[in-house]
Amino acid sequence: MDQALNNQWQNAFYRLRSNKAFELFVIGIIVFSALVIGVKTYQLPDYVYRIVTVLDWAITFIFLTEITIRYLGEPDKKRFFRNPWNVFDTLIVVVSLIPIDNTDMALIGRLVRIFRVLRMVSIIPELRMLLNSLVRALPQLGYVLLMMFIIFYIYAAIGSTFFAAINPGLWGDIALSLLTLFRVMTFEDWTDVMYETMTVYPLSWFYYLTFIFFTAFAFLNMIIGIVVNVLDEEHRRVARQEAEDAGEPDLRDLQREIRELKELILQQQKAG
Amino acid sequence: MDQALNNQWQNAFYRLRSNKAFELFVIGIIVFSALVIGVKTYQLPDYVYRIVTVLDWAITFIFLTEITIRYLGEPDKKRFFRNPWNVFDTLIVVVSLIPIDNTDMALIGRLVRIFRVLRMVSIIPELRMLLNSLVRALPQLGYVLLMMFIIFYIYAAIGSTFFAAINPGLWGDIALSLLTLFRVMTFEDWTDVMYETMTVYPLSWFYYLTFIFFTAFAFLNMIIGIVVNVLDEEHRRVARQEAEDAGEPDLRDLQREIRELKELILQQQKAG
Amino acid sequence: MDQALNNQWQNAFYRLRSNKAFELFVIGIIVFSALVIGVKTYQLPDYVYRIVTVLDWAITFIFLTEITIRYLGEPDKKRFFRNPWNVFDTLIVVVSLIPIDNTDMALIGRLVRIFRVLRMVSIIPELRMLLNSLVRALPQLGYVLLMMFIIFYIYAAIGSTFFAAINPGLWGDIALSLLTLFRVMTFEDWTDVMYETMTVYPLSWFYYLTFIFFTAFAFLNMIIGIVVNVLDEEHRRVARQEAEDAGEPDLRDLQREIRELKELILQQQKAG
Amino acid sequence: MDQALNNQWQNAFYRLRSNKAFELFVIGIIVFSALVIGVKTYQLPDYVYRIVTVLDWAITFIFLTEITIRYLGEPDKKRFFRNPWNVFDTLIVVVSLIPIDNTDMALIGRLVRIFRVLRMVSIIPELRMLLNSLVRALPQLGYVLLMMFIIFYIYAAIGSTFFAAINPGLWGDIALSLLTLFRVMTFEDWTDVMYETMTVYPLSWFYYLTFIFFTAFAFLNMIIGIVVNVLDEEHRRVARQEAEDAGEPDLRDLQREIRELKELILQQQKAG
């Protein structure tokens, strides 16, 4: 194939994928595929179900075409798969293409079709930025989350040790205890759990109250940490922007100018 | 009709509707109409019910008179109906005037009478501003709300796919699943929902915990977004006001003055 | 009585009531009276109950003595009763003194003894300041609270109109509906309330979801309002203090000095 | 023993305990001991249980060795036990060493083994700092917590007085009432508690609503207090750092320079 022709095609695809109308069309198809997923959760008459299945395949092929256009339009082919969103999009489409028969695989096929809705995040830049900011906020919380997990683990170990005989369904092993403690943290029927253990250990309210206190405190600390971080960044951004936008002199500029003045007067004196 | 006389009347109405006493009287009538609505929810003896009905019509006619005064007192008749609050007030009064007999319409009549209480918002400027600020805050949250809806939709689709057979009342279709997930987000008996699905899928706790984590995180992000926005606006408002109120010179003014000084000294040197 | 002697006594009382040890003693007695109240809620053997009753009277007489000392030590007798905390303290003690026999009054007597614990707030200045700051924050929230009440009232009126027949215990009249809606706002078994009305009106989930959305939004607005207010005041206080403490010149001072300089140079030129 | 040799050994231990690899090894052992604790909460076959018991003793002896190395490596032996974390670590290890037979003591032995997980906090500096910051935040909250306790105590005393006969399990004495009120504060089935007392005292909703209002308000106040404190400290830290880093002159420096200029010109005039 001619190289020049090849480039021409690539440019055509590049223009297409950068086109606003193309993007809106893809978003429309994603919304439509979400609706199809929603419709399939209802009890449908047979003929509607067949229509939906056809639509489903149509969506898959539109997505396949779209990804192909994106790939062909990419000037640097290697960079295409370095973008995790492109990998995600490709995977979703490729797995949708595999014909599946037996029930176990059918479930995975349905799951993959559901995850198509996530393509919304990959295609709208604002949502991608939002997700990135969420992911970037996580490591800052690392130590608070570790602290919280230590609190949970210690309380879960104590809970399994003392309460396993009272209600094995809630405190039978450390995994169940961790789930029960998460439930207590959300205040979901936590008094039922407490009253049950208080019949055997009347002082076990102390266990629950200290746990609620510690986790609430750690949680509060986490939220405040995020707020302070966000406000701090915001503050710096505003300060930087103000300084740039206004072109206002800072105190050092003024000091310099006063010193120049002083120099001038001193020269005058010497000359006089 | 004489134009001059017409103007004279309009001015009289304008003065009346701008009158503080008139406004307080209308607020009083709205409060009274709210009380009448409240009284009607109780089991009433027949004669009280008749009194209340009469009072109800009296209120409707007072409101009609008030709106008419407002309209006649408006210098620019076209602008009157451009204000959505005026349209709302007029609609409420006009619908209240329609005599209704059959039960279906009677319910609408009662609803319209209840919405009269909202006239409080249309007549007290501070409440109107509060509502405006709430409405204005919404678009800023647009992308976070969209992100949250995507999370809800994906989890609801997964829920319907896997749990529909376990409890059709909670997971039967995607609409029911969305409602169930909202319930889980408010922590309302969410463990009952979880324990039920865990009997079939023992690992389904992962579904609920990740859902709670994602929605809590998005919700937190939303709140922090609002707080930062509000503080930011507040900060700018304060800064602007300080600068205006104090008449304090900024650094640029000082720089200009120092440069004038320099100019003076240089002139002196040349002259000397 | 001799005026000089009178003044001498007053000074003695004034010194006594300003004494740190006296204050600590009174705080100790209040804590002790709180413990006595706590002990009385347990099933007590007869002789302990008699001891407690004696202690109760002893506390009352110590409080009476204390208030008397405070009053006699007050230089300006009229000002004493202008302080609402003094009026509160006096009332609590005087009502405790009334001997009560019949059961209805006995309950009031017990209540008054419980409210003695509130004397802690009247005697510790930091707690008094805290309460004042809480009370002062309320009017700022006035309009948000009014808005919230309007939302509650409209939803309660709608609830009574439509759901009264379904569950009169929850929606029978507007007062019950307000209580039920408060329950829904705290997410306490709100789905039970919703599922019940959804059997008759399948779309009533819209009623609950919009209600939760509106109240959550108004509540959020209220909290943000308080935070902004508090941060604002804090900011001003810090700025004022910094300016005062540091004795640092502001930009206007600098401008004045530069102008004086200019004046000097101009005089020089004229002279030259 | 030779003093020089002694010092040589101490230095060797000091280098060892400051070693990064040593620290990572200890963290690994703590994580492993946490896993052993978790495994023990499951029903284990006999031979696994015996393996776990052996591992448990191995961990204890590794910890003993580690503490010994730390102690021997400490240049100032007295300072070692002034650090509360060292005391904590030593206690945990020493108690683990006591051989225990009867069931009561066995429970304490298991508890001590669980608390080994807390050694994670003592060994990772970031977690230690986090805990310190939590502990340091507490006294600032002192008065708000005291205020909250007074509210709780008064409401609990009132609750025991009026509702003890209705449900002794919830309101029997002041301790039970405090627990019930904490439950009401977490909104856990609080309406069940309320509806029960409303059958006897129909106006008791007022008791619950005011309680929820007061505690929510005090809680809000506490959170805002923490946020303001944290932001304040952050603000000061940022301001201090900016001033230090930038070496930017402040307004006082400028004022001084302008005055020097003035002095110069005045001298010039005198000389002229």
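Each chain gets a letter, A, B, C and D, in the order it is written, and its residues are counted from 1.
As a convention for this text, contacts are C-beta pairs under 8 Å (C-beta built on N, C-alpha and C of every residue); 3 or more make two chains touch, one makes a residue touch a chain.
From a predicted model like this one, the values you see are computed outputs, not experimental measurements.
Averaged C-alpha coordinates give centres for subunit A and subunit C that are 42 Å from one another. Distance between chain centres (mean CA atoms), subunit A to subunit D: 30 Å.
Counting only residues that touch two or more partner chains, subunit B has 187-189, 227, 231, 250-251, 254, 258, 261, 265, 268, 272. Under the stated contact rule, the graph of chain-to-chain touches is a ring, a single cycle where every chain has exactly two partners. Here the chains touching each other pair up as A-B, A-D, B-C, C-D. Residue ranges of subunit D in contact with subunit C, taken from their complex: 143-144, 146-147, 150, 153-154, 157-158, 160-162, 164, 173-174, 177, 187-191, 205, 209, 212, 217-218, 220-221, 224, 227-228, 231-232, 235, 250-252, 254-255, 258-259, 261-262, 265-266, 268-269, 272.
Residues of subunit B touching subunit C in their complex: 34, 37-38, 41-43, 107, 110-111, 114-115, 117-118, 120-121, 124, 126-127, 130-131, 133-134, 179, 182-183, 186-189, 223, 226-227, 230-231, 234, 238, 248-251, 253-254, 257-258, 260-261, 264-265, 267-268, 271-272.
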